[in-house]
Amino acid sequence: MTGIKQIGTIIYNEPVAQSVYKMVVNAPDIAKAAVPGTFVHFGLMQDSSHILRRPISLAETDIEKGTITIIYRLAGEGTTCMSQLSAGQVIDCLGPLGRGFTPSDKPVILIGGGVGVAPLLFLASKLKKENVTVIIGGKTASELFWTDMFDVQKIVTTTDDGSAGKKGVAADVLAELIQSTGAAIVYTCGPTPMVKKVAEIAKACRISCEVSLEAYMGCGTGGCLGCVIDGRGGKRYKVCHDGPVFDAEEVFFRA
Amino acid sequence: MLETVLCGVTMKSPVIAASGTFGFGLEYANYLDLNTVGAISVKGLSLKPRRGNDGRRICETPSGMLNCIGLENPGVESFINDILPQLSTYDVPIMANISGSDIEEYGKMAALLDIEGIDFLEVNISCPNVKNGCLAFGVDPVSAAQVTRIVKKNTHKPVIVKLTPNVTDIVSVAVAVEAAGADGISLINTLLGMAIDVDTWQPFMGNRFGGLSGPAVKPVAVRMVYQAAQAVHIPVIGMGGIMSGRDAAEFMLAGASAVSVGTATLCSPTAIVDITKELEQYGQGKGLVNIGEIVGQCK
Amino acid sequence: MLETVLCGVTMKSPVIAASGTFGFGLEYANYLDLNTVGAISVKGLSLKPRRGNDGRRICETPSGMLNCIGLENPGVESFINDILPQLSTYDVPIMANISGSDIEEYGKMAALLDIEGIDFLEVNISCPNVKNGCLAFGVDPVSAAQVTRIVKKNTHKPVIVKLTPNVTDIVSVAVAVEAAGADGISLINTLLGMAIDVDTWQPFMGNRFGGLSGPAVKPVAVRMVYQAAQAVHIPVIGMGGIMSGRDAAEFMLAGASAVSVGTATLCSPTAIVDITKELEQYGQGKGLVNIGEIVGQCK
Amino acid sequence: MTGIKQIGTIIYNEPVAQSVYKMVVNAPDIAKAAVPGTFVHFGLMQDSSHILRRPISLAETDIEKGTITIIYRLAGEGTTCMSQLSAGQVIDCLGPLGRGFTPSDKPVILIGGGVGVAPLLFLASKLKKENVTVIIGGKTASELFWTDMFDVQKIVTTTDDGSAGKKGVAADVLAELIQSTGAAIVYTCGPTPMVKKVAEIAKACRISCEVSLEAYMGCGTGGCLGCVIDGRGGKRYKVCHDGPVFDAEEVFFRA
């Protein structure tokens, strides 16, 4: 998508969990244009030594209020900068960018780990509640704070240490849930090992899988080839422009 | 105020989209009016298609960035057949930025691109991101001159030779390509750099090294443009860290007849038109009739 | 954790105060405990006193700065008579940083400084800020080797040769000074740069050009340290934009046995001890016994 | 002086005139150590691309409240950065630095132009009210906002355009006032042409003159030689360490 550049006023910017922040920004044009899976490329206006933008998936939009919401993890200097902004300050937004998820009106499964759950929140809000099963995996109970944010039929959780939900990784419960829900498609976002495993299970179950990928980005608008990954048949894809959401077949099963 | 004639080509402004950060221009058609851009230097072309480097290609550094794209491009033929026709629907001069892996390739590409729709050739003898690649030509005045001569022999277009800053003496390279027939020079390409992840102990860049660009390099770029402009009589296109109209003016004062904007487009897709407007305002503020009046005014 | 032996000299840490930004050390005695500094490289000395450049000597650039101090210093004799005795009251290795205007001067200075209280000679063949000055020696492997040999002949101290980044091929210079007997190399000195005031159309720097330092140059510095460390067998001292313990670690991973901190001291007078502490924390976090374990670990 | 590094909380930071701001910072150790004529070197923590500090003279200190006050003009990016900070945010202070004015208990004249008046405010507060005559010059009436800030015997003002005070430049009224007040010393700070003229008049009147100078600074602590100027007899002085206040004889009459 062609993004819109807006200097948005921050309405809310507070931690929602250890090292994870939620930010709400007034950016009506972006809110209006956004679809689930697209992202906003944020400029760090306050510190000019950080010249590159930071891509963050949209977790929610409110067209009436004209706001967009993101949920982001403190990963380094840029996200730390962002976390230091207070309500009332402004942030440079460029979005929505990229190609989002293909919505379905059949039963679906959304499966995410870490901040990869963020775009799934937005997706869930656009799907029929009764069709959606969400699986969230975390290392430990405190990483499952997401569950309250979803308003869907069913949420299944897993933790590596068994401190909440089922002990294990999210993908462990996938095959069973595909069968029991009769899901037609799996949408996934999270750490690479996880999403690869999810894609393999979906493939084994012969249903489609859309995966949201990350890449270190420059422009975010398709001009610099900084974010390129390998696709099927020797193709190169720009994550910012051809993705971040891809059909798993295109990017993981390239033979 | 901004109209500029560069090597005989009339441009609406001296602000050019640098190669590699503006795609083939078309990627930005929805963000700005391509017809208002001074000229577009397209993504670096090679004779055959190139996949570019694997691994991480972009890394932020203080007030700058490293890249090791590695010249990913569809090759000259696909450019001519698939991309140029679309570009030609716009009223903007096109600079074909070319990189060869040997001297003959430069000649072949120049010949293939000696066609309508191309207004300049920009000869990249300075890409730091490809192995046994073109950087080698740019660091040695003799081979730089050889490349220049073969390109000149194969084209009717004005030939701009793009120089690398990774040299001891920029003047000797500038003078050598001028003597070999270059119609202009552009500089600087990126400075060779490296960043290491202190947690993983691995280089950040997939290609280990990358090219440094952005505001961080501006003082080096201004110095080299100044030195080169004092030494040659052909026009100089200045670049390296231009983020504002005042930055553009700084390069022109140093002796650049035109400027290119690279990294700034990564910061904002509309950077080129923003910078163009600011340069116009700067000129108005200084009471100029044409911005060209400031070229080389810093002695 | 931090104890480091460099060319046979034991230092409490590998973090050295770079030449030119820490005065003669004494200026900082009230800000930090000089006894905790790895070593002090004093302000660049010349045979005769030098007044330095006129006009503006400092200019900020994006994430960096230009300087054209021009080697203002009281001369070797005054250093030995007036300053060294005060410095010797501290338990910190001293590096005498020397610049000659011809090869003989380097030899004379080395001989004069072959005295107690001096632990290393750092031979500056790379100052960009003095006319017909020492930069010329540093850009050419042959003259760099000549300077190294004459210094070695006139001293019993370990000789560190300080290289300039303003060269096409850092490896050839590094290898040449190693072959000529250098006990270590340090790099980078500043990158030659320029800034122009777009309001007055004049260069900002009194000397027109200045040397670029600070975080902006770090990627270039890390790359050169990496290249040089791969090529020589003598210790490398890395510097250029170190502002934190993690930056220091980055240079050590690239192959530096020790690091120098320059510009950071201008940002904060206690930078050196702050960086030293952070480096210690980094080492502890990585479970190291001695920080030296990371030297060259980025392959 | 050896400065103290303190991260101070901003208490007040508002414009006092066109492009001129007053900032009050909580920095008790600096407030305690400061004397008139010394300066604080401010680090711009919020934007890490600005690596150098900015030197600003102390205009006032309040040891009880633990505050320091500066008055600064928007000159470029650094001071603009400073002006965008709000009360409650912090700023990196290093000071007091340099050598200040030599106080006198005789009648004195303080003469300043532009933001050069700031250090004279601090000086005036430490002298006996009845001894002090202040001369302030400006281009036009709006530059004379300083007068309210002084609590002294006598203030004389001049403007280039005659819009307030006497028409002319500050130095025009100096010789007369030296005579009428029997001043023993003139303290001055302001644009170089002004302070040079002041020094010449003081010399002609055979009284001493202390001048506060500016130089583009690096360290501010004497280590980099970035701020060096010429002194009498071929001497070089560091403005940050040997100054910023000098005996005019030392720096202007060097023959």
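Letters are used for the chains, namely A, B, C and D, taken in the order the chains are written, and counting of residues starts over at 1 for each.
In this text, a residue touches a chain if its C-beta (ideal position, glycine included) is under 8 Å from a C-beta of that chain, and two chains touch if they have at least 3 such contacts.
Computed from a predicted structure; not experimentally measured.
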| item | value |
| --- | --- |
| Set of chains whose contacts include both chain D and chain B | A, C |
| More contacts between chains, A-C or C-D | C-D |
| Computed distance of Cα centres, chain C from chain B, in Å | 34 |
| Whole-Å separation of chain centres (CA-atom averages), chain A against chain B | 36 |
| Mean-CA-position distance for chain C and chain A (Å) | 47 |
| Sites on chain B at which at least two other chains make contact | 62-64, 214-215 |
| Junction residues of chain D - those touching two or more other chains | 48-49 |
| Touching residues on chain C, where the partner in the complex is chain B | 61-64, 66, 139, 166-169, 191-196, 198, 201-203, 209-210, 212, 214-220, 222-223, 226, 241, 246, 249-250, 253-254, 282, 294, 297-298 |
| In the complex with chain B, residue positions of chain D that touch it | 48-49 |
| Contacting residues of chain C [partner chain D, same complex] | 20-23, 27-28, 30-31, 43, 51-52, 56-60, 62-65, 67, 69, 72, 214-215, 263, 265-270 |
| Residue ranges of chain B touching chain D (in the complex, touch as defined) | 62-63, 215 |
| Contact set on chain A toward chain B in their complex | 2-3, 5, 43, 48-53, 78, 94, 216-219, 221-228, 234, 236, 241 |
